[in-house]
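Here you go, one structure.
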Amino acid sequence: MSNLCDKQNEPDNRQIDIDKVGVKGVKYPLVVLDKNNGIQNTVAELGLFVDLPRHYRGTHMSRFLEVLNDEGNVFHIDSIPRLLSAIRKRLNARTAHLEVTFPYFIKKIAPVSGRAGLMDYEIRFDATQSERKIDIIMWITAWVTTLCPCSKAISRYGAHNQRGKVTVSLRSSPQVWFEEVIEIIEQSASGSLYSLLKREDEKYVTEYSYEHPAFVEDVARNVAVKLNEFSNIAWYKVEVENAESIHHHNVYACIEKK
Amino acid sequence: MSNLCDKQNEPDNRQIDIDKVGVKGVKYPLVVLDKNNGIQNTVAELGLFVDLPRHYRGTHMSRFLEVLNDEGNVFHIDSIPRLLSAIRKRLNARTAHLEVTFPYFIKKIAPVSGRAGLMDYEIRFDATQSERKIDIIMWITAWVTTLCPCSKAISRYGAHNQRGKVTVSLRSSPQVWFEEVIEIIEQSASGSLYSLLKREDEKYVTEYSYEHPAFVEDVARNVAVKLNEFSNIAWYKVEVENAESIHHHNVYACIEKK
Amino acid sequence: MSNLCDKQNEPDNRQIDIDKVGVKGVKYPLVVLDKNNGIQNTVAELGLFVDLPRHYRGTHMSRFLEVLNDEGNVFHIDSIPRLLSAIRKRLNARTAHLEVTFPYFIKKIAPVSGRAGLMDYEIRFDATQSERKIDIIMWITAWVTTLCPCSKAISRYGAHNQRGKVTVSLRSSPQVWFEEVIEIIEQSASGSLYSLLKREDEKYVTEYSYEHPAFVEDVARNVAVKLNEFSNIAWYKVEVENAESIHHHNVYACIEKK
Amino acid sequence: MSNLCDKQNEPDNRQIDIDKVGVKGVKYPLVVLDKNNGIQNTVAELGLFVDLPRHYRGTHMSRFLEVLNDEGNVFHIDSIPRLLSAIRKRLNARTAHLEVTFPYFIKKIAPVSGRAGLMDYEIRFDATQSERKIDIIMWITAWVTTLCPCSKAISRYGAHNQRGKVTVSLRSSPQVWFEEVIEIIEQSASGSLYSLLKREDEKYVTEYSYEHPAFVEDVARNVAVKLNEFSNIAWYKVEVENAESIHHHNVYACIEKK
């Protein structure tokens, strides 16, 4: 089909570089490395992008999908560097970006009954390869219980508590495991969530939360203190958001390691 | 422009009536009647639809917008019957449907300090006019606190609690006020949410919730019991969904008056 | 832990049956049958519910998760009847409901270049088992191109077109394949979407759409005509929604086989 | 209630400053300045935050709502500087942040028939006051038509087109009007969206789009070229995302003025 004109290759005289151009919202089956079971099948949402110098009118969008399809029906998370190189090469770009988000499951044991259930987390990678290096930011979201220290302190009984969402984004080398970050998050709140809790477990987590009250600020700081102990984590950001049980709005705290 | 051909008016030979055809996701400023303040300005999302008999190929979508624009820059909720009639007439339809969803605000007083704050609720109307009558379903969503009776009963101290979402849809004649249904919902849970709570209020709502534990089933039944007392409510559905603070999944209960 | 009191088993005197009570938003790895490849790994969102007679205060939420976990780390779609029976038995319920939604992938070949790419669809099952029978509703969502017949007819060149979303829900026995319904949807619009299109494919799909203009009403009727040919489909509903390229609102059509 | 202990004021020894802490997802009626009509009523979603030095355990969340409520039942957009100062003072903070997002409506005239309809846009402000200065970023989102130049060039007739979303964020002093940025966006694509189009208008916009094909890269560059002409715009970012009518994934381009 070489006789079909190539509009994208036309010269452009607006003198403006494009920082990032590509495809978004691509759904794709994904195989990820799993610390305990070897591999895990999941489904990801992907974004693939390149830079576009000022003298080209457009990028060739179909090539992103070709690179992705060359991975076969599944895509391994440890193929990120190879994928970034392939994007740069296939699209003649200086910079390639990959964004990938997926649910991730861990078998979690109830604290008293020992019953197992699958907990879901959300993982995201933002990876960029420019000429000299690859920059990878990993995002991990886990949900927790938070019990309000103020409510506990001023009330004769009870204390309002709620589901909180904790997102840690970080740069590390060598890469930390998802499981390590999830453990840090779950130990930094008033309590940890479970898929399956029997009555004896519910008693345990209720009392545990009451004994470990934590403001949204406390959770963020507890996570930060633990991340500071990792010499291989160069940068991080911790975000905590509580779906307050006494308000319709949420409360939020954020700490970034500069 | 009468010389532009009218594809929509072409005959259709597939012999299939269309039940509902029209426009969705139309954003529009709205003025609603407010029990305490007369009127309230808000922003709605609208759907406007008609039926389409088998012998017409298409409806005339622009006419829905014309009918809406004839209302001026704002749209009053008490204009629903007039709007439905206008849609039927303007589109030569037997049946007209209107769906309208909007946030609604009520000034709410904190229980001890007496401080005021604006609480937001979600209101929806589904209105249908066929040849003989108008059928209006009103939906009201309010958020509440629920405190688990089981967790309280088995634990030495504390009890898990969380934000719950309660949606009541109903048919009534004469129409009940939003405020009446909201009051019913807020009195049927472990506690009610507030925009602004000072420390003395937080103590009050914490202790109140602890004293009023309610399963998702309890909230649904409490609402149903109160709605049963309204002789002008012919049909209702109550849905309760808790964002459990000890699980990542939600729990849900539903009661429908047949 | 038999000494922990069982609040859920307390008698209830409000005299109100609960139609549906259970868990929602449960994420879980799923294995589905795939017409071409045998099986496919995906990730589902699940809801599991039962009815609750008036004389019980609450259901036992943890038992839903136990039933689900008994399936192991993955859940097969052909295990729906077994799962429903297990829910009814484990929760002593007359009626069990299961809702399961997941992305589903099919390798799709570009029309001229023959290049393959993975297309994603959305599948949902709503299954209910009461004492006498199982009722299963299957939902399939596929995205298509629609090109406006009116715009084509009145314009000297071009025609506005856009991405449309088509959802078919149906009851069938024996069950139809996802792939059959997807094929019907994709052949009922102005064109079908692809993951990967090279220039010769883009020329083909552009011209094909221009040659096959279709209103939202046309797509709905085209699907209905084809579904009417299946004697094993007892009931269906077709919904089409276009993200109009000339409006910010959408247009919508719905046909239900009564 | 001075005898209720103040947990938030407790000293903290974790030695970690919190960058941003406060409330999110607060819905509130808003009055905005409107270039043509003076003022406009809308509904906003707000976030209000401060920094928290390392020696305090928690911030006082209720004070954010108090500051907001002091504005009365409505909140004027030109009150942002006053609100930021009030937050800093009321919470003894060095830095105050305000995020506010709302739909905004403009009466728009169809190109041939002259019929009017209300178009909706999305506006957001991110405002930060630290000790020395206020930094305000304004975000404007408008939706457009894009028609693919490649599809037009290679096809005998037609060209795929779709709804695109354009978001411009910028810092300007003096502040530009929403209306100016919206006009720039709408003139940079293949066409502009309307609420109400009669047949003669639909002919016009169809032909206009066909005559003005634009890649996602073209739209981003066209916007950037026009923003470069404003000497009062110090920084901007342009993002364009097309809901491709031939793919289920989107295409995206981004230009940032450094």
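Lettered A, B, C and D in written order, each chain numbered from 1.
Just so it is clear, a residue touches a chain if its C-beta (ideal position, glycine included) is under 8 Å from a C-beta of that chain, and two chains touch if they have at least 3 such contacts.
Not measured: the values here are computed from a predicted model.
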Pair sharing more residue contacts (C-beta pairs) when B-C is set against B-D
B-C
Inter-chain centre distance, chain B versus chain D - centres from mean C-alpha coordinates, in Å
27
How many angstrom lie between the CA centroids of chain B and chain C, rounded to a whole number?
25
Quick one: which residues in chain B touch 2 or more of the other chains?
4, 6, 26-27, 120, 150, 154, 195, 197, 199, 203, 247-249
Assign the assembly's chain-to-chain touch graph to one of these shapes: line, ring, star, complete, other.
complete
Under the stated contact criterion, what part of chain D meets chain B in this complex?
1, 4, 6, 26-29, 40-43, 62, 65-66, 69, 73, 103, 105, 107, 112-113, 115-118, 120, 195-200, 203
For chain A, which residues are in contact with chain D within the complex?
4-8, 12, 14, 16-27, 47, 49, 52, 57-59, 61, 149-150, 153-154, 215-218, 220-222, 224-225, 241, 247-256
Residue set of chain C touching chain D in the complex reads 119-120, 143, 145, 147-148, 150-151, 154-163, 191, 193-195, 197, 199, 202-203, 205-207, 209-210, 243-249
